[in-house]
Structure formats: structure tokens, C-alpha cells
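Below is one structure, written out as C-alpha cells; the observations come after it.
Letters A, B and C mark the chains in the order given here, with residues in each chain numbered from 1 onward.
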Amino acid sequence: MKYVDEFRDRALADKLARQIVQEALPERDYHFMEFCGGHTHAIFRYGVQDLMPDNVEFVHGPGCPVCVLPVRRLDDAVELAEKQGVILCSYGDMMRVPGTKQRSLIRAKADGADIRMVYSTLDALKIARDNPDRQVVFFAIGFETTTPPTAVAILQAQAEGLTNFSVFCNHVLTPAAIGHILDSPDFAPGGPARIDGFLGPSHVSAVIGSAPYEAAAKKYAKPVVIAGFEPLDVMQSVLMLIRQVNEGRAEVENEYTRVVTREGNRKAQALVDKVLELRPSFEWRGLGAVADSALSIRDAYGEFDAERRFAISKKQSRETKSCECPAILRGVKKPTDCKLFGTVCTPDNPMGSCMVSSEGACAAYWTYGRFRAPVREAEVA
Amino acid sequence: MTFADRASARLSGRVDMTHGGGGRAMADLIRDLFRRHLSNPILDEGDDAALFDMPQGRLVMATDGHVISPLFFPGGDIGALAVHGTLNDIAMSGARPLYLTAGFILEEGFPLADLDRLVASMARAAEEAGVPVVTGDTKVVEKGKGDGVFITTTGLGVVPEDVHVSASRAKPGQAILLSGSIGDHGVAILSKRENLEFETEIRSDTAALHGLVGAMIEAVPGIAVLRDPTRGGLAATLNEIAHAARVGMLLDEAAIPVKPDVAAACELLGLDPLHVANEGKLVCFCASEDAETLLGVMRAHPLGRDAALIGHVREDDASMVQMTTSFGGSRLVDWIAGEQLPRIC
Amino acid sequence: MCLAIPAKVTALEEGEMAVVALEGVKKRISVALLDEVAVGDYVLIHVGYALHRLSEEEAQRTLALMAEAGILQEELAEMGEGAA
């Protein structure tokens, strides 16, 4: 596969590994947060950690849209499917995430709700066309990458007069979350956790460009390297971060130049801006309420907003007790610090979202790295 | 009405409740469709039970229910799959399969022409395998209570005296052999799923493996473990064996054959080929000194042309299956949790 | 987050749709998010949409940067061997 296989080349990996060992200063250590679950997944899937010296550590960030969606919003989606009798279209990733009382979409489906897994908003539109006498709701989740396809679907529905289609919008924004993490007391100087730099989002940045991170890099004096999701991209970006740290720089650099530009995809940005607007505040699992961190549907397209079309009840939503997802999402704890990890909570019986999504830190630890867990724990202690 | 007239009239219709009612309609269906395709001396006796002489040696028996959507897929259909699935379960004990039985659950409204195609395909698969379907059963359920056709097959086979194949016989030091590329069946099925459609030349690998197994057993009767990695893929099968024998394994990712299109489809859908189903592949555990001999035998057989040594068994009380990645790192190979769902992130 | 994969555009279709190929796998996707796209372009596919075109020049540049890693060490090692 062109543009894929070259970036998984073992010989280059060996070279980069040697270079990283050579440039990482032995008298200090390096804590880099990979914001995106895509990076978490790549690190575990390819065993990148094995190629790193002991003093370079990855801190897993909240960049998994499935993981950061608060239980309340998932409960709302389940309610839409069960009480409003709609056809709820969801990406496969959300299907097994447990809501209040472990209720997931897949369980609601088993109980008779009409929930369909889709691969694309194009499929959701097709379902709406094929079922003109049913209400079809697309359960929209994801960061800036996944947002433009939602905007296009709303515009398409309007153009076709698909009045039975609407969107339950849960799109969230990356730069706001990065700022929020760096503002938290956990990461203040002397706080319990430390970040020396960020592996910046790859495909989010394909849409928004690298410019939006510049303010944060400057304000918090943390280097950011936009990194592709292939394992060599991760290694090259780590090397670039080490160099910035060693040289006392805190800039936004771009390793993923084959896709990401400074300005991003202007057309996609314009389409999103046309249909969606900033929410003043949105709840993130793990981070709490984060200002200006999510999008909702503009008034002009209000008829396609499931939150306006359907009355969704106020209800008590509950996280599973003792689930450490929130702290893990903030990068303050490791999955192995959680009492439930690997005992009560496994991918077969997930208690929290981090164990469901293949990008979730817990699922990645379990699926790819369980055998390393004791070693990691010792390091943390 | 001639036989041909009767057949064409029947094939233009659909399954209805009378086909399961025990009356003439059912008798006609059995005679004109099932027995016509599956004909053999034992079945043709037409009794409720199949009668045959007791075979020599130790007997093995296996049963397998088949449900699949779509019923017809690139490289096969539920009829062929129902034959291959059970024959392979028999073969994985080192046995030579002798007889099959088939139970059909038909949904009211299912086109008879499609049923005819499925049963013809089943007959072809049984004929190629040299294993007759000696007795069967048909039931019809109301529309909405089935998914077209469900087929359950049971097989009977006989194991040579000196052959002892079982997952519990996996021991540290043994070599792990794989008969060919993984993920073909699962990708062929996914390519036809609603909302996922993509075009690919990949076809299901559905095949009966007892011929390959026979050649392998003849060359090396001491084979320790045989398994066909079906649902859950190679990852699930190896984990089952690791747990059954309380051993660990170390695989070499670069040695595991994956066709470029299968790899591409998996990248597109966010799947891991190690978790994708196969219907015509086997893994074999043997003493490391027998590995070369067996690989030679496997590669000489049409169903084992791409056979490869993919790793070895090692001591590990925690029964972990680990893998050296082609990137140079290491990772755990775990079973998949629940159903494999395409992902966007 | 955001699984995406580069694929080659093999045909453009009506309604801002296109067919892309990844090895032998072909899929219909939307190109509504791209300003311009031509047959032969490589585009990044996410949830059935092309998100961005890939730059061959930049890909080569990145690979060249990666290949530079370790060169100094190799040279030093060779010099070391030469001296011994």
C-alpha cells in the first residue's frame, strides 16, 4: 500500500531508534502526550515502545471520541432509539460502549430498538431515503476529522428534502481540550503529572491545519509535533520533540507534511462553519465541562437537529463506580492504576469507554500490552 | 407431469408451510430437490435413519450449525460451507470423515430456486470431499422467524490408531505451521455486507481440509495439534490452544501470509487480519524437527501451497500469545472482544 | 482517533463521488470535501469521504529525513572500524 508500507519499514525504524537513543539525554526523562487514540493504537499495535529508550515515556491523552463522550449523551442516544422509535445510525465504535447501568447500543438493539451500524454518513442518508416513513437519526461523534462528513450529510439532506433525517451532534474540538489539560492543576509545575511535549493529531490537523496549535505551544511553552499515524511517523516525531526539548524550543512542527498544511482543508472548514457553530460549553468524560470545545447545529439547519426535533428527557446518568477512565483520559493515571482493570473490566465486559474503543488506553493496554503491565507499574511507582 | 415439468414448477415457487407439514408437498420437496442432488445408496434407502456398517478404529463425531449473511458470497455459499465446516471439524482430530447428516431450517417465502442452488452446491462439496450426506431433516418456520436458510450438519469419522491430535498436546518448543493466507473468508463476506460494500477479487477460502490433513498425518503421525481458525480468526484459535495447554506462543508477524487485498480491506475497515475468519485454513503444532517435512507436504497440496512456519510454542503459565511485529517491536495477540465491528477510530 | 487510509482515485462520478483503489480493493467514496481532485491523485479516506490529497513530494522528503537518522553513527562506526 503506497504511503503506508514505506512508513512501516523496519530498517528505517532501527535507524530512528538508534538516533533517538543517541539524542535523548541520559540525565533526564521525557514525557510526551500522544493526544490521539490513533497514536496510542499505533504505539501498541507495532510495539513502538519497545524501540524507545527507557527515559522516553508516552502519556496517553483523551483523543478518542468514543472515550470522551459523557455517559449522559450515550444514554440520550439509547433513549432516542428506544422511546422515540427512530432508526438510530451509529458508527461501529460506539456500539459496545456501556452507558448508565451498563446499557449499550448493542444491548438496546437486542431488546428491540432499531439501531443500525453505519460506516459513513452516506449510509445514514441512504437509510433515510429507503425508509421515508421512519425518523432516522445519525449519532454523530468524533473530532474535527469526522465533523465535515456530518456537515455534508446535513447539507445533502436539505438539498434532497430528506425531512425524516436528523443528526444527534456530539462533535468535539481538539485544541480546546489540549488547552484544558495544560490548564489543569495536574499538569501545573509541581503537579502530579508532567508533559514535556505533544504528539499532535494527524487527521484532525489534515482538516484544521497546524496553525491552531500555535497559541497553545506559545502560551504553555510546550512543543507540539504534528505526527502521522504510521509507526515511523511516531518515531520521527518523538525525535523532533526530543530535539525541541533539548534545545529549549516550544514550537509547532509538522512531521506529517504529506497530508497536513498550516492552513488545513479550507473547503471542509467552510462547510463545517456553514452548518455548525460553537457550543459555549460541553461535557467531556474525564475533563468535565470544557468551554468552546464542541459544536452544535446552527439555527438555519435546526430542522435537522435531533436535539430540537425530539424531546429528550432529563435523567440521572451514572459512570460505573471506581472506573478510572476520567483520570486515565487526563493522562494522570495509567490503566494499570485502575482497580477494575483486567479484573472486573475487560474488553469482553467493559466498565468504561477506555476499555471499549480500540483506541482507548485501557483496551490498548489489554489487547496489545497486557504482558508488559507489571513492568509499567513498577516504572510508575 | 414429467419429472422436468415438476422440477421447473417447483423451482419457480417459494418455500411455504406445507413444505414442512409432513404431507405430500414435503415428500415432493425431499424427493425432487434434496434427494435428487444428494443421492447416494444410503440416503436413497429413504428411511428415517441411515444404516451402515460399524467402521474400524476410534470414531469422532462433530456437529456445526451454519448461519451466514449473505447466503451466497464470492467463493461459496452456505451449502458448501455447511459441508466444509463439519468435515474440517472432523479432520482437525486427525480423522478421515466418513458420513455427513444435514438438518435444514427453511424460512417461509425462501425462493425454491435459491434452495436448489444451495443444495446442489452442497452436493458438489460432498462429492468432491468423497463424503456422502446419508440422512437429513427439513423444517419450515414462519416468515420472519428465520434468515432464509439455516443448515446444521453432523459428521462421523475414524481416527487411525497411532494418531493423537488435541489442543492439550501443545508443548514448549513445538513449531506452529499455518496452511496459507488468513482473512480471505471474512473479507469476502464483509465485501457484500450492506453499508460496507466494496469491490475485491478476494474469494472465500471455504474448502474441505481432510485431504491435506491425511497427507500430513501420513508423513508425520505424531502431529500434536490441528485446528481450523474460523470465527475469531487465527488470534482466537491460538489463544484457545494456549489456554487449553497452558503454554505461551511467540509468533513472527512477517511470516504470517496475508494477501495484499485482505490487508487493504482490513486497513479500510479498521480490522486486524488476525481476527478475521477463515474457512479453509489450518494451524498445526508439531515437533520442531518435523516442521520442514510437514511444510514440504503441505506446500505440495493445493490447499497448503502458501504454508508457513509462523512461530513456536514456549513456556508461559499465563498462556499469552505474543508476536514480534514486522516493525521490530512486540505485542500481545489477544482474542477479539465480541463481534468484530468496522471502526472509524 | 480518526482512522484514515491513503487510496488512489481511479474514477470520478456524478454527485461529487469517486471510486478509489487500495491495492485491489475498490470503494465508492465522496469527494465533496475536496476543492479539486483528479484521477490518479492519492487521497486520505475517512468514513467514506476523501479528507485531503497526499503530496508525493512531501512524502519523499519525510522518508529522506528519516533515512538521515543514524547516518552519523554509521559513519562514526565505520571510521572506528577503519582505525582499528
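In this section, a contact is a pair of C-beta atoms (placed from the backbone, for glycine too) under 8 Å apart; a residue touches a chain by one contact, two chains touch by 3 or more.
Just so you know, these numbers come straight off a predicted model, no measurement behind them.
Leaving out chain A only, the rest of the assembly stays one piece through touching. Relative to the whole-protein C-alpha centroid, the nearest chain centroid is that of A.
For the pair chain A and chain C, the distance between C-alpha centroids works out to 22 Å. Centre-to-centre, using mean CA coordinates, chain A is 38 Å away from chain B. Residue positions 260, 263-264, 267, 270, 343-345 of chain B are each in touch with at least two other chains. In chain A, the residues touching two or more other chains are 1, 4, 14, 37-38, 64-65, 91, 119-120, 123, 142, 146, 359. Chain contacts: chain C has residues 1-3, 5, 22-23, 46-47 touching two or more partner chains. Chain C makes touch with chain A in their complex at residues 1-6, 8, 22-23, 30, 32-35, 42, 44, 46-49, 51-52, 54-56, 58-59, 61-63, 65-67, 69-71, 73. Interface residues of chain A, counted against chain C in their complex, comprise 1-4, 6-7, 12, 14-16, 18-19, 22, 36-38, 63-65, 91, 119-123, 142-143, 145-146, 148-149, 152, 201-204, 206-207, 229, 232-233, 235-236, 239, 255-260, 265-268, 271, 359.
Remark: chain C residues 1-3, 5, 7, 22-27, 45-47 touch chain B in the complex. Those residues of chain B lying in contact with chain C across their complex are 197-202, 260-261, 263-265, 267-268, 270, 343-345. By the touch rule above, chain B contacts chain A in their complex via residues 195-196, 260, 263-264, 267, 269-270, 318, 320, 322, 324-332, 334, 337-338, 341-345.
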